[in-house]
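Some notes on the structure that comes next.
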Amino acid sequence: MKNLKMATLGNKKRTLVQAGTAVFGDRLVVIAGPCSVESEKQTIEAAIAVKEAGADMLRGGAFKPRTSPYAFQGLGLEGLKILRKASEITGLPTVTEVIDTRDVSWVAEYVDMLQIGARNMQNFSLLLEVGRQERPVLLKRGMYSTIEEWLNCAEYILSEGNPNVVLCERGIRTFERYTRNTLDLSAMVAARQLSHLPVIVDPTHATGRLSLIEPMSLAAIASGTDGLAVEVHPCPDEALCDGEQSMPPELFVRYMKNIRALQHAMESLP
Amino acid sequence: MKNLKMATLGNKKRTLVQAGTAVFGDRLVVIAGPCSVESEKQTIEAAIAVKEAGADMLRGGAFKPRTSPYAFQGLGLEGLKILRKASEITGLPTVTEVIDTRDVSWVAEYVDMLQIGARNMQNFSLLLEVGRQERPVLLKRGMYSTIEEWLNCAEYILSEGNPNVVLCERGIRTFERYTRNTLDLSAMVAARQLSHLPVIVDPTHATGRLSLIEPMSLAAIASGTDGLAVEVHPCPDEALCDGEQSMPPELFVRYMKNIRALQHAMESLP
Amino acid sequence: MKNLKMATLGNKKRTLVQAGTAVFGDRLVVIAGPCSVESEKQTIEAAIAVKEAGADMLRGGAFKPRTSPYAFQGLGLEGLKILRKASEITGLPTVTEVIDTRDVSWVAEYVDMLQIGARNMQNFSLLLEVGRQERPVLLKRGMYSTIEEWLNCAEYILSEGNPNVVLCERGIRTFERYTRNTLDLSAMVAARQLSHLPVIVDPTHATGRLSLIEPMSLAAIASGTDGLAVEVHPCPDEALCDGEQSMPPELFVRYMKNIRALQHAMESLP
Amino acid sequence: MKNLKMATLGNKKRTLVQAGTAVFGDRLVVIAGPCSVESEKQTIEAAIAVKEAGADMLRGGAFKPRTSPYAFQGLGLEGLKILRKASEITGLPTVTEVIDTRDVSWVAEYVDMLQIGARNMQNFSLLLEVGRQERPVLLKRGMYSTIEEWLNCAEYILSEGNPNVVLCERGIRTFERYTRNTLDLSAMVAARQLSHLPVIVDPTHATGRLSLIEPMSLAAIASGTDGLAVEVHPCPDEALCDGEQSMPPELFVRYMKNIRALQHAMESLP
């Protein structure tokens, strides 16, 4: 890293980032929920399922950045209202993606944490805007971004006065086609070594394959991740996006049991 | 490409895109100028130099997306006013990058064409916003983007009613470190085969090396590019950004002579 | 995978591969030792150190594929004799790389396992040759190779009659420059899901950074690797190759303690 | 490049490499022919067709490195005899790939030039072996290789006493899936700037698409390539490998007309 005076760098004292009842940087935080908020029924079912299985936070997209302009783009305000209702029912804090500088302030009223997605990692206007408000920010690594660029994007947010940034490794784009992206787990570890910010892992988008989500989650825990973000849908076959990589609730129950078992084993190691 | 009904696809009748006196899709258009507008003196000197050497259009950034928040971010409104003055003096039409949805409408009043940079290629809110105004748009390919994704981003603009999009290949990120990026010239050709939109090439950002700019420009012309965008600075050693890859005026004169020679030779081929 | 009749595919019954006293596919196998055999003193010191720390197998290169023809290329036959002596002293079985079809048969007499390096993964003549002899083979993934290509290279060996192949993920080449390569841990998991062959991980070459070797080793164990291959050198500062990423013996002792602790914790999970 | 004493570096005086009647480094050399020698009829038809269309050299594989061990691996010695017969009939010099150190000396008796394929670029034993014999060598760039590594592989050959090396850019592996590989034309230019060796381009393997071969060939000529290598098959639909990207003879006639027209135009430029 070139600029040693970056506020993002240095790992002597780890930062705790609080989003509602979830605290990143202390014990493992599990964020779960559907890729996008599609309906009240779908979202509340998902929220109850992930809460019962032991998740710490609810995710759900109201604004979806999609490759094609003709694909489902999210429910917008309606989606945010549904997400808030799901949060009230379950008590889970919420995180949602924001994609436009003009939406930051009002979207922030509906959720506990704002997400900057991979495609917008270097949307510097948006970074500055989330740096000027008070909600904590989940900053995903761009699929083409070096660790240095990623940390500099966090710096954009910190430089505007918001110290509550959580980094999220979600896979980079490589030549390998078996997985949707290539999970760069060493980047999570490196970011935690270089910075005091919490760093979590999104194995769903990184792998794009149900069979790889649990093994990669266990790997992330063993190498020190501060959290995991996974997609859960009450009925993956009917999902409007990412259905093929979303866990159904019954699978998520087993998943949570296994990752918590490793978490506890890790916490007992000398 | 998946969606054959995309307005962007089909290459039977090529689209002409007019930006002031420059017409993309007909004869080769050369865009030249400094990476960023740094001062009135620097910009006007650059404008006069590129005009005299035969360029068709002036480029210059007023909003610079930089890796670090502490790097020079551009002069903003002041830069746009300088750019307009340089245009008035030389008669060259202008193009500048816009990076925030809130800036689109007022920036459009100062220039002839709006540029969407590589880092914002999938900033869908911004694409929709430039799709709703009347200036033509120069859409750079993201350094991590497939041809399919790039064409879909053009579709975002066209779908909002603005048909005047020019695509720009500017290099993709690969493992090779000798060049700044890897110029994917076959993507320029492929985009022209798949779409009716003009496609130009930016050899400056793609290669990051002065010695490669002219050979890659000649290559682009021979394979059918609709234009070239290059950086020229009156004093590269003093440039606030990209100095090492900007051509000084005397080099640009020789460059223009050589690329026009090939252009004319190509136009004479049976 | 296209060809479901490949002998390499199918994971119903996992294959055990025996190399001297080491058995891959059962409990975690740790391979350790210097990048290259440089002298008798260096190799025997390394062998004793890794044996005492609990390693299962000794590695050491006698033929080094180097970028430049003028870099140290290994001691050849003399190196193999040293490796055999180190094996006799410590009781550790050995693995070494072979890079020429003409060397396969005689090199096989000095070691317990033959390694095909990343640069030779698609050296099909060499694959066929190691497929025609009886030593087990450690097949590293090419730094540019898809999982499908990797498994097909194993198939070349199996198709000649040698069923004893262990796969090794060692990082792929991507745009990220902070790490030497990008460890694709999901490829290890995917290869184990697709194939019955043991799959191990080489975190030394994958990351090229001492600080990442232990975290990535823990990650590999948590996600099910059959083994680890790491570089240990009695005096990394004096190493003729890869010194900056080799663990000194005292670090390796702590490393072994930590990875065995996780291994045992994993074995106790329900 | 690190080692300025490399014999490969320096471009003051360009090297001429003679392979039969073909001379690389002077005027454009066009190598054409089938991916693999499949039969006497197919190869001789192809040879006559490319000769009549104006090609300078005949290519054809007798040993094919294939992803799967069960794919067609080439005719071996029989293929070489056919290739020699085709050469005698047409007068075209020939180039064929060699993949095993043990084959170098006898294969060299059947052809005018030996090719090292992309997968074997860092098969250093093979490089040393072709460096010890007298035929000129066509050294393809590995699909994962930096320019620096490529030039170092040429150095392996030169260091053994064979100065007659021609480099061939054939596309690198990136995330882009529209093309088979990504043609890195700037690498051809850079290699010519760094080295005195001739550098040619293989647009067939680089793009994998018939529609891109001619535009990329024109681009290569305009940027200074010393030659082109393309696949031509008398009946692409029946080809045992690479049929979808091989030109049929009638297309090759038009191709040759167009590239020669540009070549002559380039030679007339001041």
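As written, the chains take the letters A, B, C and D, and residue 1 is the first residue of each chain.
One rule holds for everything that comes next: a residue touches a chain if its C-beta (ideal position, glycine included) is under 8 Å from a C-beta of that chain, and two chains touch if they have at least 3 such contacts.
Being a predicted model, the structure only gives us computed values, none of them experimental.
K.L.:
Looking at chain pairs A-B and B-D, which one is connected by more C-beta pairs in contact?
P.N.:
B-D
K.L.:
Average the CA atoms of each chain to get its centre, and name the chain whose centre is farthest from that of chain D.
P.N.:
Using the mean of the C-alpha atoms as each chain's centre, the farthest one from chain D is A.
K.L.:
Based only on mean CA positions, could you tell me how far chain B sits from chain D in angstrom?
P.N.:
Distance between chain centres: 34 Å.
K.L.:
If a residue has to touch 2 or more other chains to count, which residues of chain D qualify?
P.N.:
Within chain D, the residues that touch at least two other chains are 144, 148, 173-175, 177.
K.L.:
Would you mind writing out the residues of chain C in touch with chain B in their complex?
P.N.:
By the definition above, chain C touches chain B via 173-175, 177.
K.L.:
Taking the complex as given, what residues does chain B use to touch chain D?
P.N.:
144, 146-148, 172, 174-179, 182-187, 189-190, 193, 206-207, 209, 211-212, 215-216, 218-224, 258, 261-262, 265-266, 268-270
K.L.:
Taking the complex as given, what residues does chain A use to touch chain B?
P.N.:
It comes out as residues 2-3, 6, 65-70, 99-102, 119-120, 122-126, 128, 142-144, 148-149, 152, 155-156, 159, 173.
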